[in-house]
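Following this message is one structure expressed as C-alpha cells.
Think of it as A, B, C, D, E and F in the order they're written, each chain with its own count starting at 1.
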Amino acid sequence: MSSYVFVVLGAVLVNNVVFVRVLGLCPFMGVSKKLETALGMGYATTFVLTLGSGTSYLIDHYLLAPHDLTYLRTLSFIVVIAAIVQLTELVIEKTSPLLHSVLGIYLPLITTNCAVLGVPLLNVSMSHNLLESLLFGFGSSIGFTMALILFAGIRERLEGADVPTPFRGTAIAMVTAGLMSLAFMGFAGLDRYQ
Amino acid sequence: MSAEHTAGATSLRSAGVMLAFALAFTMMMATTYRFTRPHIEAAREAEKMKLIDAVLPPGRYDNQLLDDVVELGPTPALGLRQGGRVYRARRGGADAALIVEATAPDGYGGRIELLVAVGADDRLAGVRATAHAETPGLGDYIDPRKDRNKKAPWIEQFRGRAAKPATVLALRKDGGELDYRVGATISARAVAGAVARALGWTLSHDTRLYAAPAGSRYQP
Amino acid sequence: MSHSPYLRDSRSVRQIMLHVLAALLPGIAAYVWQFGAGILLQLLLASLTAVAAEAAMLKLRGKPIGLYLGDLSAIVTAWLIALSLPPIGPWWMIVVATLCAIVVAKHLYGGLGQNPFNPAMVAFCVMIVAFPSLMSQWPAAGLDLSQQLDLILGGSRPLDAITAATPLDALRTGLRTGGADARVAEIVQGPAFGLIGGSGWEWVAAGFALGGIHLLWQRIISWHLPAAFLLTMALTALLLWGMHPERFASPLLHLASGGTLLAAFFIVTDPVSGATTPKGKLVFAGGAAFIAYMIRSFGNYPDGIAFAVLLMNICVPLIDMYTQPAVFGHKRRSS
Amino acid sequence: MIEALLVMAGIALALGAVLGFAAVRFKVQGDPLVDKIDAILPQTQCGQCGFPGCRPYANAIADGEADINQCPPGGDEGVRKLADLLGREYKPLNEEHGVEKPKAVAMIDEQTCIGCTLCIQACPVDAIVGAAKQMHTVVEAECTGCELCVAPCPVDCITMEPLPETVQSWKWKYPTIPIGKAA
Amino acid sequence: MDKQITREIVTNGLWKQNPGLVQLLGLCPILAISTNLINAVSLGLATILVMLLANLGVAALRNFIPYEVRIPVFILIIASLVTVVDLAFNAWLHGLYLVLGIFIPLIVTNCIVLARVEAFAAKNDIVHSSLDGLAQGAGLLAVLAALGAMREVVGSGTLFSGIDLLVDGATPLLLFGEHYPGFLLAILPPGAFFALGLLIALRNWIEGRAAARRQRAAAVVPTPEAGTA
Amino acid sequence: MLHKLFTFHGGVRPDSRKSDSTQAPIAALPLPAELVVPLHQSIGGTPRPLVRVGDRVLKGERIGAAEGAVSAAVHAPTSGIVKAIEPRTMPHPSGLPASCVVIETDGEERWIEREPVPWKSMKGDELRDFLRDTGIVGLGGATFPSHIKLRPGAKPTHTLVLNGAECEPFITCDDLLMRERAGEIIRGAGIMAQMLAVERVLIGVEDNKPDAIAAMRAAAGDGIEVVAIPTLYPAGGEKQLLRVLTGVEVPAGRRPLDFGLQCFNVGTAYRVARAIDQAEPLISRVVTVAGNVDRPGNFEVLIGTPIDALLAAGRPRPDTDRVLMGGPMMGFALPSTAAPVVKATNCVLAGSPSLLPPPPPEMACIRCGTCAAHCPADLQPFELYWFGRSHNFGKAQEYHLFDCIECGCCSYVCPSHIPLVDYFRFTKGEIWAREREKAAADLARERFEARNERQEREKREKAERLAAKAEATRKKLATTEPTGEAAAASPAEEAKKALIAAALERAKQQKSSVKPRNTDNLPADKQAEIDQIEARRAGAEGRTVEPPETP
C-alpha cells in the first residue's frame, strides 16, 4: 500500500516531470503566461496522461511484449495517445460543451508533449504493473499541473518586474524555472525513506 | 442529414490511408529490426561483459561467463531482496572466480547495486557499483567513471584483498585499512560493509556454487 | 509635478534594513563566542562582495548607484548568507554564493523588491547542491582563530580533525549508519549536542531570538511569520517524536538547532519574497516549517530550511491570491 | 513481421476510422474565437487592416490568414490583447496598414456641403444624417473616426477633427518616471 | 533554387526562428541531454537526421495524405523514422544509446519535428523542405552543442567526456586541472535552465544591439534596401 | 452621555496643524471686480445656461438650471453684468478650461427677491426641487447634489449623520462654522432629519476640536447627539465615519441609505438652513486659507472669486512654491491660481518646500505591507500598485481598486516613498477610458451590424427600383448628350454621376440655404442632437462669417 503512495509522491514531488525529469517543457514554457490557461492545460494533460499510461501498459503487456514487438513501442504508444487525445475531444464535446470550451484548444497540443510519451516509456523501463502505471501517470501529470500553475503564478507577478532588457520574457522565465527546479531538489530522497 | 453518410465515407477513406501508411512504415521498421537485431544483442552482451571485465580481467577465465550462471533467491546476506545472479568463471575447466551481484542497502542516497568478483584464491578480484543514487560530486566516487581520481579510483582498493583480518575491509575511520573521502563517509562505509558481507557469504558457499548446474536456482 | 498626499511620515527602507542588521548582532556575538571569530571575516567578505556586485549591476542597468546601494538590503542578504554557510568555508565559496544571490536571484529580476525568491536562500541552495562536501564542514570545538583564517584564506583542507558535523547532520548520520538499532537518545549524547539543541547552537539561537523580538517590537516583522514557523515546526516534531521517540528528535532539539530561529525571525520574514496577507503569512511560514522538517527527517539534505523557503516562495503568488483579506465593505455586515 | 503488420494494421484501422469520423463531426462548428477577437477590435470599421470591417478581420485572424498587427485604430494595446488571447508573441503594429492616431471625428463644413449622400453611404455606422440635396451633419457621438467618408465627398467638405481633451475626458498620467526606468 | 529563399530558410533555422531560443520548442532534449558536449551533439545529430528525413518524406508524400488524418500520418512517419534511428543507435552506438535513454524515442514528441513538418514540409517542395529540416535541425544542434559545452566546462571542467563511447581510447580534455572542484549545479537540471536562459538573453542582447545599430544607421542614411537584412 | 464608538482598520495620524487658522473668526472678503462661475460645479449633468452675454444679473439669480436627473443649479454670487460665457481654467488638477459664466460685479450686491420657504407645508418633491434650484450640493468634497440624498429610501432611514470630522490637516472651515454658526447647522440638521424622517441625528466631530464640540453641544436639541470621535485620518470619510459612529460597514457598491443612514457635511446642513430660512442659494462658502501664509484664517467667499484674490487675503510668504486646493492629504496643486473658488473649495493651502517637502525619490516596493496595514479600506495597495504598473487592469479591479477612496494613507507611510495614490488614479483613469472605448466599440458594432442588415434588406428593393429608374434616365440622357467613353458604366452609376454633376453646378451657382430635413424614424435623442445642430447652423448663417465654434 505505502509503496503506491511513494509512487505518487515520487512522481509529484521528488521526480517531478518538469523540474527533475525535464519532460513536457514546451507546454510548460508556452502555456504558463496566464493562470487560467495553465489550469486548462493542466486538466487536459492530467486526463490524457493518466489514461495514456494505462492504455500503453495494456498494449505493451498484452500485444507487444508477448510477440517480441517491443520495437513498435514508440510508434504504437504515440499513435494510441494521439487517438486518446482526439477521442477525448470528441467525447468532451458531446457530453460537456462547457468543459470543451475550457480544454478544447489545449487538447491538440498535448500530443506533442514529451511527458505524455515519456511517462509510458518510463513505466516500461521501471517495470511498473498496471496500477503502478496508472498511479505513476496520474502522479506525473499532477506534478506537471502543479509545476505549470505555480510557474504561471510567478510569471504573472513577473510581468510588472523591472527585468533587465535582454532577460525580459522567456530568458527570465527560464531562470525562474531553474530556481524552481533548484527548490525541488530539496525533495530528493523523500520517496526512499523506509 | 448526410453528415452521417459523409462521416462514414471519410472514416473509410482515412482508415484506408492510415492503413496503407501504417503497413508501409511498419514494414520498414520490421526490416530494420531484423537487420539490427543481431547487432543489438551483441552490443548488449558486450555491455555486460564490459562490466564483468572491469571486475575480472578476461585473461583469468576462458568459459562463456554469461551462460554459466546460477540464479539466487532473496538473500539477505547479499542485500538482495528480489534475488540476483552468480556468474562462474572457469579456466581450463578449473574454478577461476565467482562474480556475485550484491546490494548495499545503506548508501546515502539509498541502495547501491554492486558486482563483486571473488577469485578462487579467496581474494577479491574486483568490485564495481552498477547502480546507485549517491550525491553527485560527493558520494558518487564509488563509481570509477565519476571518480575524479582517474589514476587510482577509490573502488580499485578492493582488488586483491582477502577476508581476514576483519579490519581489512573497514574504513580507516573505523579502524580499518580502506581510504575514504572526507565528507562522504557513508557511501564508502556502505560499500565496504556490503563487500565484506558478500565476500564472507561467497566464501562459505563457494564449493556449492561452483558445483551447481548452470542456469539452476541456488538453494542455500 | 507631485500629487497628494503632500505629507509623508515613514521609516525609510534604509532604516528598516539598519534595524534588521542591528537585530542580527546578538546572534552574531553568540556565534563568535561559541565558534570563534572566523565568521566575522566571512561577514566582511560577503558584505564587500554584495556591495561590489550590487554596484556593478546597478551600473550595468543604468540606475543611480548611490541611491540604491544606500538601502542596505544587499548587506542584509550578505549577512544572512554568511550566517547560513559554514564559517570555515573557503573564501571563494562565500563570494560565489553572494554573487549568485545578488546577481542572479536579485538583479536579474530587477533588483530590490522584485525578486520572487529569497536571494540568501537561493545562494544557500546553489551552494549545497554544488558543493555538498564543503557545505558539511563545520568547525570542531576549540578551533582557534588562526586555524579558521587559514582554512578560509589558505586552503589546506580538508582536515578531518578540525571539522565536525552540525547537530542535525550528526543526527541523520547516526540514524542512517546505525540502521534499525540507532536510537536518538544515544546519538544526542554525542559531542555535537548540548543541553537542548546542538552544543553552542542554543546560545546562537537565543541571540537570534533576541534580535527577532526587537524586530517584532519595532513592527518591522509581524508576529504571524515567526509564530507559524516555530509552532508548525514544534508540533510536527512533537507528533513524530511522540509516536517514535527513538527514531525522531524532540521538538526542542529541532527548535534549538540548525537555522530554525534565524529562519523564523530573519528569513521567512523577508518581505519581498514572502507572502503578504496575514493569512498568507501563516500559510507561508507554516508550510516552510513543515517542508523543512520533512526534508530534515526524511530527505537527503541535513537542513531543509533553505529548500523549504524556496519551495514556499514558489507558492507565494497563489497563496497571496487565495488569502486576500476582506476589503472594507466586502465582509462583516454588523449593525 | 506478420505479427507486427497485424498489430499496426489494427491500430491504424481503428485510429483512421475514429479520426475520419471526428474530423467530419468537428467541421460544422461556429467559432467562438471569432467573437472573442471581434470583441477586442475597436469596431472603427475603417478597413485599414485590409478587410472590409472588423469582423472579417477577426475571421481572418482566427483562420490564421491575417497577422495580429494590422489594425491601427486598435493600436499597440490592441495587438497586445490579441497576442494575449491567442497566445502569440506581441509584435509592433505593421506600418503598412497605417499608424495609430489620436481619436478624431469627422466634421462636415456645412457651408460647402451639397447633400450628395455619398458620405452617408460610405459611413459604416450610420453616423451621418441628412437627406439627398440637403446639408449633412455628423453625429459626433456615433462617429468612429474611420475616415471612410472623407474620400468620397465630391466637394471635399469633410475634415477629421481630433477630439479635444476636456475636464471630463482628462486622465491622470502615469506617475513620475521611476528613476532610471531605462535599462 | 532561389538563393534568397535558401538564405531565408537557413537563417531562420539558425538564428531568426531558432527552435531552442526563439520558438522554444524541443526543449526537453535540449535541457536533459546537454550535460556534456558529446551527448548533446549525438542527440542533435540524431534529431537532424530525423528532421531531414521527416521533412523529406512528408514533402514527398504530402499529396497522398488527406487533411483530416494528416497529424496521425505525420506522427506515424516520424515515429517510424525515430524507431529506425533508435534501433541503429542501439546496434552500433550502444554506449551512447544507454546514455541518451528515453530521449531518442522522445524525438517523436519533440515538438519541433512535428511543428516543422506541419508548418513547412506539408506546404513546400522536397528540396526546400529537406533544407528546412536540415536548417532547423542545425539550429537545434547549435543550441545543444553550446549548452552541452557550457554545462560540461562549468560543471566538471572537462570537454568531450564520454568520447570513449564513440571513439575507443579517446580521452576527454581536462580544462582546469584535477583540482577544479566542479560546479555540480551546472550539470543538474537547474543548471540546464540557467544556461538556456543565459543563451536566450545573449541572443536578445545581440538582437537588441543589432536593432539599435540599424536604427542609428537608418537615422543617418536611409538605406534603400532596408528589410532584407 | 457616552456614545459607543467603533473603529475602522488602518488610518494615520498626521500632525493636524489647525491652530493657526482658528485664531480669528470667519472674515469676509472684499468683492472682486469679476466673478467666474463655472457651470459644472457638482457631480452629474452640466447645468444649462439661463443667461446671455450682456444680461444684467442680480445676486442669487439662477444662471444655470439643473440638467438631467443628477444636477444642481448655479447662481450669480452677486449683482452685475454677464461679460462672457466661455471656457476658463478650472480649479482641477488638469488645469483645463470649462464653460463659465463671467460676471462683472457692480458692487451693489442687489439681491433677487427672497422670502422664507414654508417648508413644513411643502411636499417632499417640491422641497427637494427647491433645494436643487438653490444649488445645494454636498460641501464635504464630492459636491453631490444634496436633494437626491434627501429622498427617503425604500427602507425607513433611522439615523442622520452630520460629518464634522474635518480630519485633514490645516483645514478648519467646518471647525469655525461649528463654533460660530452652530445654531443654523442644528436647524439645517433638523430640516434634513424631517425630510428623511429619521429617529436620531448624530454629529461626529474629531476630538481635536473641543470648542466646536462645545458650541454644537450647546446648540443641539433633543434627538441630536454631538459625538467626539478619536482623531484618526480619514475618520471624515463617509463610510469610515458611519462605521465609527454606528458600527455599520456600508458594503461596497451600496449607499448608506440602504442601511437606514444618511450622511451630510455640517456645511451642507448650514446651507440647507440658509436656503430654507433666507431663500439664499449656495453662492458663498467658508474657505480656509492656511499653510505658508502670514495671516491664516477662514473667509466667507463668494463662489467664482479668483483664488488669487482669496490667497492675497492670507498674505502668502515669498517662498510659496505652489498652492493647493484642499488639504495636504487629498488636495491637489492648482495649475493656475487664476481659477475660481467653487462649491467644492474648502481650503486654499499655500505650500513651501519646507512645509510640504518634495517627495523623496521613489524606490522599489519591498512588499513590506505597511501600506496595507494603514489602508482604511483594507486594500492591498502594493498589489494594486503592481498591477497598475504592469497594466494588468483586470487584476487591479479584481483586487477592488475601485474601493480605494484615495485617502493617501498608503503613500503617507510607504518606506519606499512610492506615490501609490497616483498609480491608483492613473489606473482608474485608464480603466474608465477603456470602458468608454468599449462602450463606443459596442455601439459601433451594433450600428454597423444594423446597417449591414438594413443594406441587405434594401438591396433587393433598391435593385428593382434602380432598374426602373435607370430605364427612365437612359432615355433622358440619350436625348441630351451622346455617351462616348462611359459605355461600360452601369446605368445606375451614370445616373448618380449625372446627379452629382448637376449638384455641383447648383452649388456653384447658388448659396445653399436649404434646410436639411432629416429622414424619418429617428430616435428622440438623435432628433434632439440634430435640432441643436440646426440651431447652430441657423446662428452661423445669421452671422454668416464666423465658423461654428467647437467647444
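Operating definition for what follows: contacts are C-beta pairs under 8 Å (C-beta built on N, C-alpha and C of every residue); 3 or more make two chains touch, one makes a residue touch a chain.
All values derive from a computational prediction rather than experimental measurement.
Ranking every chain by how far its Cα centroid lies from the centroid of subunit D, the top place goes to B.
A count of contacting C-beta pairs for A-C and for A-F identifies A-C as the more extensively joined pair. Distance between subunit B and subunit C, defined via averaged C-alpha coordinates, is recorded as 43 Å. Inter-chain centre distance (subunit A to subunit B, centres taken as mean C-alpha positions): 31 Å.
Taking each chain's centre as the mean of its C-alpha atoms, subunit A lies 23 Å from subunit E. Here the spacing of subunit D and subunit F, counted between their Cα centres, is 35 Å. Residue positions of subunit D touching 2 or more other chains, listed in rising order: 4, 8, 11-12, 15-16, 18-20, 22-25, 172, 175-176, 178-179, 183. For subunit F, the set of residues touching two or more other chains reads 93, 361, 364, 419, 422, 425.
Within subunit A, residues 30, 71-72, 75, 79, 82-83, 156-157, 160, 162, 164-165, 167, 172, 175, 179, 182, 185, 188-189 each touch two or more of the remaining chains. Across the complex, subunit A is touched by residues 25-26, 29, 33, 109-110, 133 of subunit B. Residues 149-150, 153-154, 156-158, 160-164, 167, 172, 175-176, 179-180, 182-190, 193 of subunit A are the ones touching subunit C in the complex. For subunit B in complex with subunit E, the residues that touch the partner chain are 10, 13-14, 17-18, 21-22, 25-26, 28-29, 32-33, 36, 39-40, 43-44, 46-47, 136-137, 148-149. Only residues 19-26, 28-30, 71-75, 78-79, 82-83, 108, 111-114, 116-118, 121-122, 125, 165-175, 177-179, 181-182, 185 of subunit A touch subunit E when the two sit together in their complex. For subunit B in complex with subunit D, the residues that touch the partner chain are 3, 6-8, 10-19, 21-23, 25-27, 29-30, 34.
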